[in-house]
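Encoded as C-alpha cells, here's the structure I'll be asking about.
Labels A, B, C, D and E are assigned to the chains in the order they are written; within every chain, residues are numbered from 1.
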Amino acid sequence: MTSSLLYALAGTLLCGIGLFGMLWLSHLLRKLLAFNIMGSGVFLVLVGLPQNQGGPDPVPQALVLTGIVVAIAATALAVVLIRRYYHLSGLTTLDEEPAFREGGPE
Amino acid sequence: MTEWLLDGLLVAALLATAVAALLSRDLFRAVVVFIAFGLLMAVAWVRLEAPDIALAEAAIGGGLTGVLLLDAVSHLGSKWPREGRQRGGKQ
Amino acid sequence: MTLNAWLPVFALMTSLVASLVIFALPERGYRLRTAVNLGAAVFKLALVAVMVWGVFQGVEYGVSFTMVPGVDFVLKADALSMMFAGLSAVLWFLTTIYAVGYLEDSPNRSRFFGFFSLCVASTMGIALAGNLFTFFLFYEMLTLATYPLVVHRGTERALKAGRTYVIYTLTGGAVLLLAIAWLQGLAGDLHFQEGGHFGGADPAMHGSLTLIFVLLIAGLGVKAAIFPLHGWLPQAMVAPAPVSALLHAVAVVKAGAFGIVRVVYDIYGIEASSALGLLEPLAWLAAFTMLYGSVRALFQMDLKRRLAFSTVSQVSYIILGICLFGPVGATGGLVHLLHQGIMKITLFFCAGNYAETLGIHRIDEMDGAGRRMPGTSLAFTLGAFGMIGAPPLAGFITKWTMGTGALAADMDWVIAVLVLSSVLNAAYFLPILHRLWFREQSGKWPHERYWGRLETSAWLFWPPVLTAVMTVLVGVLASFPFSPLSWAELVVLRAYSS
Amino acid sequence: MTLWLMAGLLFTPLAWAVLTLLTDFSRGRLVSWVGILVQALVSLGLWLAVNRDGGFYYGLGGWDAPLGIELRVDGLAVTFVLLTAVVAGACGLHAGVYIDPDKPWHRYFWPLFWFLWSGLNAVWLGGDLFNLYVGLELISLSAVGLVALGGQAGALRASLRYLLAALLGSLAYLLGVALMYGQFGTLSIAGVATWLSDHPVPAGSGMALALMIAGLALKTALFPLHRWLPPAHGIAKSPVSALLSALVVKASFYIAARLWLELGQPLGSLAAAQLIGLLGSAAVVWGSWLACRQQRLKQVVAYSSVAQIGYLFLLFPLTFSVSETVSLQAQQGMTLQVISHALAKAAMFLAAGNLILSVGSNRIDALGGVSRFLPFSLFSFGLAGVSLMSLPPTGGFAAKWLLLQASLGSGQWWWVLVLLAGGLLSAAYVFRIYRASFLESSGTDQFFHPSRSLEVIPMILAILALGMGLVSDQVLSVMALPFAGEGAP
Amino acid sequence: MIRVVRLLILAVACLALTAALAASIWAIAGNPSPVNLPQLLSENLDRSGVEHPVTAVLLNFRSYDTLLEIGVLVIAGIAGISMAKTASLEDPELRTSDALLYALQRWFIPLMLVLAGYLLWAGADRPGGAFQAGAVLAATGVLMRLGGVPMEFLRPGLLLRLGLALGFMVFLLVAVASAIGGDAFLAYPPGMAKILIVVIESVLTLSIAMVLLALFVSAPVNDAEDPEEGSPS
C-alpha cells in the first residue's frame, strides 16, 4: 500500500459523503457543496489509483484538470440558476411546492 | 513514518472538513469550511505529486468557488426573508 | 418487375393515394372530393376485375421485399384474396356513393372520406397480404383507420364507443402479434400457402402449435366478434350508417373472419388443423356465437343494434363453415363471406335510409314505412329474407351448402344449429317486415325530409337497391362461373388438392 | 475525402456555435440554417462514405489510442450522426420560426443549440471513456441552458433538478472511468475490450461497469431515476423538448449500450442484466401509466419518453449470454427503437408545440374541436403516436417486432408481456389525446393557425418515423458493415 | 419518524456503496495494469512540442478533450449571461469601503496579474498553464469587482461574447487549419506545435477568466417578464 492508494481510498469516502449529501440535503447550495466534495473524491480516485504502482502519471492528472474546469463551470452555472430561482420564487430547495404555477399558459 | 502520519492527518482533515461542510447548521460557515476543504485538497494534490492540479485547486477550489458560493450565500436571504421557507440561509 | 407484380400494389395504392389527396383537399371542395372518391373506387374495381380474371387463368400476382430483418412484406393475389378483394371493391364503390349522400352538409367530411379511403386501403392490404406479418400490418392499420370513423360524430357516446372499440381491437392486435411473433420464431417467415405449412408437423411442436392457434383465433376473433369478444360491435352502432355498413359487412368483422380462414387453410393447413383437434372446439364456439347473437338480436328494439347482433351471429357462419372438415362445408363458409357482406350491407343501407329520411331509429317506429319508402323497404325485405335463408336468395345457398357439408363431415349437430339459427333469424326479422308492410303508420315520422322525385336522395336510394338485386342474383345464378359459389369452390378445390 | 468529412463534422457545429454567439437571434437564424444545411450534407456524406467503405478509427491530433483520443466511426455511429442531423436540423428549422426573436435572451438559443449538436456528435463517435465524459457534460450543460433559457421560475426549477441529476450521473460515470483506468491503464474502450478478449477477467472490474451504467441510467432517466425528466422536457420550449427527448437522453443510453456490448459479456452478470431489464420494464409500465394521468399535453409526451426509454434497456438482458442471432436481433431492435423514437418524439413535441400555440393552452381538455380546424398538426401528432404505440408499419413496430423475436428466441418470455403491455398502455395515452381532439365543441374556428412551415416539419418527421418500418432492413444493414480498421486499437 | 428511517436507509446505502467501492479499489490496486501509458507518453513527449507532460497531454495528445472542455465552459458562460437580462453591474451595495479589501486590492491585484502571467508562461515546461492562469486572472477580476471597480466589458454585449468565445475560436481555428492541410483534426503541423500551443494557451487564459468572471457577475438580481410557451413569431 502506498500513500497514493490511501488517497484513493479517502476519495471513495469523500464520494460516499458527497453522494449522501447530494441525496439527503435539500438546500440547493448545500447540494452544490456536496457535488463538489464528491467531485474531489472522484478526482482523488482517478489520480491516486493509477499512481499506486507506477509513480506520477500525467494522463490522469491532465484529466483531473479538465474535470476541475468542468466542475467549476457547472458550479458557477448552478449558482446563477439557484440565485435567479431564489430571486423569483423565494425558495432555496426543490422539495417544496412552489407558489407560482408550473407549466405554460392555462 | 512521518510521511504516513502526515498523509493520515491530511486524509482525516479532508474527511472531517467534508463532513463539517455538509452538516454545518450555518450555511455561511459551511462555505467557509468548504474553502478550507479546497485548500486541504490542494495540499493533497501536492502529496500526490500533482503540482498542476494543486495550483488549479488552490485557485479554483479554494478561491473562485469559495467566493462564488460566499457571494451566493450572502444574496440568498437578502430578499424574501420568509421565516421557515428556507433552512440555513444567511447567518 | 413486371406489371403483374405491381398490380396488387396499384390496387392498394389507389385508395391510399386517394386518401392522401382527400386529406389535402379543403373542406369545401365537395365536387372534387366526390370525383376523387368515385374515380378511385372505379379504378380499383377495374384493377380487381383484371386480377380476378388473371387468377382464374392461373396467373401469379405478387411482390415482396424484406421489411424487417427476417420478415418480408408480401403482397400477392390468390383465389382467396381475390374473393375478399372483390367484395371490398364492389361494396366500397356502393358505400362511397351512399356515404356521399348520407353526409351531405355535415361537417368534417374531408376527414371522414380520408379515413374512409384509408380503410379501403387497409382492407385491400388484408386481402392481398401474402404472409401473416403483412396481414397483421394492415389489420392494425384498419383499426387505426376506423377509429376516427367510429367517433366521427364527436359526441360523448361516440367517443365512448370508440374507446371500447379501440380497447378491444388493440388488445386483440397485441395477442395476435404475440402469436405471429411466436410462430415466426418457431417456424420462420410463413407465407400463405394453399395447404398450409404444418402438414407433417413434428409432434414435439404440437403443444406450442395448439397454443399459438388459440392465440391467433383469440386475436382474430375480436374483429370477427366471436363470443365473448363481440362487445365492441353493438356499441360501435353510434357511427354513421355508411360506417356501420362498412364495419359490419365488409371491413372489420370480415377482416377477422378472413384472417381465421387464412390461418386455418394457408398457415396450419386444413388437414393439420383437423389433426391437431383444433377445428372441433372452434366449431362449437362458432355455433354458440350464432345462437347467442340471434337470441340477443331478438331483444333489441333499436334497429341498428338488432342488425349488429345479427352480424355477430352471421359472421360465425363463416367460421363454422370452414371448421366443417371437407370441401363442401368449407365452400359454404367461404361463400358466406361474400353473401353475408352483400345482404348485411343492404340492411344497413336501408336502416340508414330510414334514419335519414324519416328519422326512424327504433323498430316500433317503423309501422307503415313500407308505403312511404317502397324501394328501400323492398330492398330491406330481400336482405332479411336472404338472412333467414329463403330460397333462392344468397343466404339459402350458404345454408344449403353448409348443411350438405355438415352431413359429409359427420357433424350432424350442425344441421340442428343451422335450423335453429334460421328460426331465430326469422323471429327477429319477420316482425320488422310485418311492421313495414302490414301496419298502419301511427302518427308523424320523427324527422322527415324530402328529396325531390325519389323516396329519398338518389345517392341513398340506389346503393341498397343494387345490393338487393345482387342478393337475388348471387342466389339465382349461383352455378354460373364467377359467381361467389363457384369462386368459393375454386378456392376450396385449390386448398384441398394441395 | 473521408478525413475532410470528419473534420467538417467536428468543426461545423462548434464553429457555428461561435458564429451565432456573435449575432442576434434573427441573424443567427439565417446563419444557423446555412449551418444546418452544411452539417446535414456532411453527415450524409460521411454516412455514404462509411456505407461504401466500412468503418474506421479516427485518431484526433494524429495520435492513436491509447495515447490520443480515437473516434470510432462505424455504421451505428454514422447512422446516429445522420439521425441527429435530421432531427436536430428539423428542430433548428422549427425553432427558427417558433421562437420569438424579439426576446433578447433568445439570441443564446443558437449557440447552445450548436454546442448541443457538437456534443451529440462527440458522443456518437466517441471511443474514449474520458472524452465521452466531456461530451456528456457538453450535452448536459447546453441542455440545461436551453431548458432554463428565459429564466422563468418554473423553467429554473426544472433545469436545476435536471442539472443536479446530470451532474450526479456524470460523476458516477467518471468514477467508473477512474476505476477502469486504474484497472486497465487505458481509456480506449476498444483497447479494454481487446485486452479482455484474451485475458481472464481481473478481480474488481465489474464495479467500474456498474458505476458507469448506473450514472448513465440516471442521465437517461431510467426508472426509478426518471423524476427529473418530465418537468424539464415538459416545460422547455417545444423545439428544445424535442431535442431533449429525441436525442439528448439517447446519448447517455448509447454510451451505456456501447459499453455493455463491448464489455458486458466479460464484466457483467446475469443478475445485473435481468435487473436492468426489469427496471426498463418498470419504466415502460410506470411511465405509460403516469402519462395517462397527466393533464397537460407536453407532460403526456414527456412521460411517454420515460416509458419509451424503458424499451431500450431490454437490450441488456437480451444481449447477455444469448446466441449470436438473438443478440443481433436485440441490437437491431434497440437501434430501430432509438431511431424511430427520436423521429416520432421530435415530431410529437413539435406538433404539440403547434397545438399549444393554436389553442393557447397546454391542457388536454382544451383540445376539443381541434381535429376539425387544425387537422394538419393533429395528424402529425397522430402519426407520431402510431409509432409510439408501435403499430405497423412504423419504425416503432419494427423495433418491437425484433425485440419480441429476441425475447422469444432467448426464452426470456417475460419481456414479451412487457412489450405487449407497453404497446397497449401507450395506446391508452395516445388515444386519450385523439379522443380529446375529436370531441366536438362550439362550431366556430377560434384557433390561432400557425404558419405552414411550422406544421410541415413535424409532419415530415412523423412520416419518416412511419416509413422507418418499411426500410428498416436497409437501415440496419449499415450496422453490419465490416470494420476497415484504420489505426487498429 | 419516516424521516429518520429514510435517513438511515440512505446512510446505509451510501456506506455500502463506499465499502464496495473501496473493496473494488483494493482489488484493482493489486493487479498491474496491462498498458503502461506514462511510459508511452514519455517516449512521445519530444514530439509534442512542450516539455511538461501534463501540458502535452492537455494541449496535444488529448487536445480534443480540452477543446470540448472549453466548450463546456463557454456554454456555462452563455447560459449564465442569458439569465442576466439587465446588467446589474452598478449595484451600489457592492461598492465597499472595507479597508481590508481596499488594501487587498491595492497590493494583490498587481501581484496576481504577475502570477497569472507567470503561470501561463511556465506551463510549457513546468507546472502551470492556461487553467491555472485563467483561474488566477478570474480571481483577480472578482477581487476588483468586489472592490466596486466598474467593468464595462462584462456587460452582456458583443464585446463580452467575443471575449467568451475568443479562446475557443482560436483553438478551433488551429484545429481546423490542420485538417485543411489534409491531416487529422487538431493535428499540429510539425515544428509548429510549440508556438501554436503557446498561442492557444494565451487566448484560453483570457477566455477562461472572462467566462468565470461573467458567471460571477451575471448572477441576477433583476425582474424579467415571463417568457411563455407558445408566443407566436
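Here is the rule we use: contacts are C-beta pairs under 8 Å (C-beta built on N, C-alpha and C of every residue); 3 or more make two chains touch, one makes a residue touch a chain.
Small disclaimer: the values here were computed from a predicted structure and weren't measured.
The set of chains in contact with subunit A as well as subunit D comprises E. For subunit C, the chain with the farthest CA centroid is B.
The chain pair sharing the most C-beta contacts is D-E. Here the chain at the heart of the shown protein, by mean C-alpha position, is D. One inter-chain figure worth recording: subunit C and subunit E are separated by 70 Å, centre to centre, where each centre is the mean of the chain's CA atoms. If you average the CA atoms of subunit A and of subunit C, the two centres end up 65 Å from each other. Centre-to-centre separation between subunit B and subunit D, using Cα means, comes to 37 Å. For the pair subunit A and subunit B, the distance between C-alpha centroids works out to 12 Å. Residues of subunit A in contact with at least two other chains: 8, 13, 15, 17-20, 45, 49-50, 52, 55-56, 59, 61-63, 65-66, 68-70, 72-74, 76-77, 79, 81-84, 87, 104-105. Multi-chain contact residues of subunit B, defined as those touching 2 or more other chains: 52, 56, 60, 64, 68, 72, 75, 79. Of all residues in subunit D, those that touch two or more other chains are 130, 134, 137, 141, 144-145, 148, 151-152, 175, 179, 182, 185, 235, 298, 356, 360, 362. In this structure, the chains touch in the following pairs: A-B, A-D, A-E, B-E, C-D, D-E. Of all residues in subunit A, only 1, 5, 8-9, 12-13, 15-17, 19-20, 23-24, 45, 49-50, 52-59, 61-63, 65-66, 68-70, 72-74, 76-77, 79-81, 83-84, 87, 104-105 touch subunit E in the complex they form. Taken in their complex, subunit A has these residues touching subunit D: 8, 15, 18-19, 22, 28, 31, 35, 38-39, 42, 45-46, 49-50, 52, 59-60, 63, 66-67, 70, 73-74, 77-78, 81-82, 84-85, 88-89, 94, 98, 100-106.
For subunit E in complex with subunit B, the touching residues are 54, 119, 127-129, 131-132, 135-136, 138-139, 142, 146, 212, 215-216, 219, 221. Residue ranges of subunit C in contact with subunit D, taken from their complex: 23, 65-71, 73, 107-108, 110-111, 136-138, 140-141, 143-144, 147-148, 151, 153-156, 159, 162-163, 166, 170-171, 173-175, 177-178, 181-182, 184-185.
Residues of subunit B that touch subunit E in their complex: 51-52, 54-56, 59-60, 63-64, 67-68, 71-72, 75, 79.
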